[in-house]
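Below is a structure I'd like to ask you about.
All chains are identified by letter, namely A, B, C and D, in their written order; residue positions are counted from 1 within each chain.
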Amino acid sequence: MGKIRIGIFGFGKTGKVVANEFLNDSLFTLAWVVRKGQNDHHKYASRLLGYEFDAGEIFSIEDIDDNFFIERPVDALVDFSDSTGIYLYKKAAEAGIPIISAISKYEQEEMNLIKSYAKLTSVLYSPNITLGINVLMVAAQILQKIAPHADIEIVEEHFKGKKEVSGTAKRIANVLSLNEEEHLNSIRVGGIVGRHEIIFGMPNQTIRLYHESISRAAFGQGAIFAVKYLIGQPPGMYTMETIIAEMFRQNIPVY
Amino acid sequence: MGKIRIGIFGFGKTGKVVANEFLNDSLFTLAWVVRKGQNDHHKYASRLLGYEFDAGEIFSIEDIDDNFFIERPVDALVDFSDSTGIYLYKKAAEAGIPIISAISKYEQEEMNLIKSYAKLTSVLYSPNITLGINVLMVAAQILQKIAPHADIEIVEEHFKGKKEVSGTAKRIANVLSLNEEEHLNSIRVGGIVGRHEIIFGMPNQTIRLYHESISRAAFGQGAIFAVKYLIGQPPGMYTMETIIAEMFRQNIPVY
Amino acid sequence: MGKIRIGIFGFGKTGKVVANEFLNDSLFTLAWVVRKGQNDHHKYASRLLGYEFDAGEIFSIEDIDDNFFIERPVDALVDFSDSTGIYLYKKAAEAGIPIISAISKYEQEEMNLIKSYAKLTSVLYSPNITLGINVLMVAAQILQKIAPHADIEIVEEHFKGKKEVSGTAKRIANVLSLNEEEHLNSIRVGGIVGRHEIIFGMPNQTIRLYHESISRAAFGQGAIFAVKYLIGQPPGMYTMETIIAEMFRQNIPVY
Amino acid sequence: MGKIRIGIFGFGKTGKVVANEFLNDSLFTLAWVVRKGQNDHHKYASRLLGYEFDAGEIFSIEDIDDNFFIERPVDALVDFSDSTGIYLYKKAAEAGIPIISAISKYEQEEMNLIKSYAKLTSVLYSPNITLGINVLMVAAQILQKIAPHADIEIVEEHFKGKKEVSGTAKRIANVLSLNEEEHLNSIRVGGIVGRHEIIFGMPNQTIRLYHESISRAAFGQGAIFAVKYLIGQPPGMYTMETIIAEMFRQNIPVY
């Protein structure tokens, strides 16, 4: 079987790391990268990332016309650009190419668009696509049901420069029906890459679930995980969380 | 509906705390306590624990004859004594009284006996009966399946005087097929009540599951949880772990 | 040499635990305990705490007259009552008896009174008298000087029922000149006895100082530590923090 | 005043990161880098690290002759190469150039050589030159003196591929007179950059000191800290630990 062909939207700090993870994994071949502006136009992402071979030709968004996805076919499209990227790949959705988006936040109009794509192809959208965070999110929801009287608090730690509250922490608060103002604590110090903790306090015992990010490459690994899962799935809207929840179900220990 | 009548075997350090939890919970009435020796014979456990009412009359093991469980009927029998306690309540099993045992370790002969009881009534046996530890144990097994390439290490911390390796930690190592010598780390310092940590290390992220014990009352709460579950169940062998695993299954988030 | 004679003001939850620590330590003899009301009047604290000997006769505050401290001499007076206790032992100060107070908060008038005592005898006042918290407080101030560019955050965790922000955490924020609103994070869950964490975040590394309370007996141990230090010291105002700072100075490693 | 001129030995994984930190700091100018082999000979370290200016000309060890340090004068020499690097810069020591070495381990012969340099110039040698680890090391020694009855354990966590026990953790065990076999616990999982924890367990409280590495740039920052301290100091042997201990002494809080 041939390699899985990947097209990536976005070549910023995270996009580069994600491209690098696909370049490093022999299951995949990086077909192309679309980025804003004319920088590095028609160079190869592989070269810019220090590899000695050509892969991931870089295109500008102006290069995308009706034939782009037909002339440069891929098996999955991965979007780490921004919320406007989605307007560019309607043709890919129509061609049935599975789409993975890890954009932080979409407006309503964009959410409507992505849902319309999900009628044509399989679409996975998760603002935080790392395996670990989604494991935490699913486990926390189960724990809350098993120990309904436990008090729950969320602590998130990130580098000093991160202005807003972690979207992931807000999402965790949301799925646990916790008021963000009261139960979400943000620590901003130094260069911490990212740490999320969910504390379940009971009268005589405490359970803590931690996720610590070491590098942004975790996003690339999450995208790889998502691509493998999505290929071959029927059209529809998917999230990492629903996939992980399904994996929980299939892996309950049997005695 | 009347209160749930409880009989307890064992009135040592943990047994007392467990009795106290049942005395504190208005769902239950403590019918009697059986302990070794003649100490406090026919006194009330409630009085010894500082309550102003009579509950939990204390019997010696010599008091147990063929009619004991008929004359002093209970809805569940909870055993926090030692591995020999099981020889005393065959008649309870024959009478169909649900049995909860939290004995640390049984020899083979005793395991055979407990299994024979499980043909007559519902029997739950868990050396560590706390909710939290069993949640950790089930979650860890699922995570290992979801992230098969993660490196796993166990760290357990207890008070300086605890001589042996935590049986709970050994059980965790066992269900995760980890070699105890290599992957189980024991810390013995000061007065730490009990802390278990399971670390899942991946190249770009780390997941940590922590359980911290605050007081032995967690065992009493675990027993209460077990009694509520067990009453009404068909005969058979149960463990906290299988109950928690089943609760995981029933509480997978639905989207 | 005879044992060190101790008098205690206060026999509430913490006072009892403190009395128990002194009863347990063969260096000391508990002479008496003064408590509010007429409860347990002229009983022995030792008996109420389960000992089989008489020590710590219990007096009501009405029993204190001009001769109380002369007729029942002690080598140190330990106050775990409340902010009004201080009005009762002026005569003790005049008699030169060292005084240890661990009251949470004094009003200005009471602070003036305690300072007047400090002209007559050695007086140690620390709202949090545990060794560990004071070690944290001193170490944190030094670190802040050594790494002036580090971002600092404080996290304190306590049981759900604790209403106010930890006074200890506020004191830590104060000595580090950190705005409480911005840099102090309070977690209230379950039955956590008490945990304080000070995080120093630098661009490429993080230092964390943790203090975890296991039981209130730590206050008794702190009082024992303070009594031993204070006996023989000249009149003046002392705090655990200044003692610990001095111990830091004397124990800087020499190479 | 002009910039501080730096020469670096070593341009491996850590050497590159250290060079980068000096290039990024406007107080310094990177004069040259000496590396093994002929790779990148006479290129500029700055260019290889992505800067748009020339700094840090790269020399091979074969280029070092008697005049090297005279013709290319620097204000400090920083060695992140290997244990043999020291044989190459005798002339620098004779010229009174301050030397900072962060080599993991020297044999006795090399230790003798470095000590002979310390008679001619100021020499700082620390296998772990990060600020944080040395702060931990000094604080731990003081705590051990203040709380002599505390049980102490060390836990170090690093990436799966790290074969040997952390040299830093061994050094901590050593200064605390702890048996490595008994009190040092090594965790090897995933991609953890580096974490050291020292636990002080007392009967009623636990103190934990943590150091977490985020990136190797901490070594560069440590070298910058050391250079600033060392310039202007008299000849002699220095370590980061002694400098930090001295800073502890000068920063004991005054009340």
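The criterion applied here is as follows: contacts are C-beta pairs under 8 Å (C-beta built on N, C-alpha and C of every residue); 3 or more make two chains touch, one makes a residue touch a chain.
Being a predicted model, the structure only gives us computed values, none of them experimental.
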item	value
Fraction-based call for subunit B against subunit A, same above half, different below	same
Subunit A on subunit D, rotation in degrees - Cα superposition, rounded to nearest 5	180
Centroid distance [mean C-alpha coordinates] between subunit D and subunit A, Å	38
Distance from the mean Cα position of subunit D to that of subunit C, given in whole angstrom	41
Centroid distance [mean C-alpha coordinates] between subunit C and subunit A, Å	51
Overlap residues in subunit D, where contacts from two or more other chains coincide	190-192, 202-206, 214-215
Subunit A-facing residues of subunit D, complex	190-193, 214-215
Subunit D to subunit C touching residues, read off their complex	130-132, 135-136, 138-139, 141-143, 145-147, 175, 202-218, 221, 239, 241-242, 244-245, 247-249, 251-253, 255
Interface residues, subunit C side, partner subunit A - complex	150-153, 155, 157, 159-160, 185, 187-192, 199-206
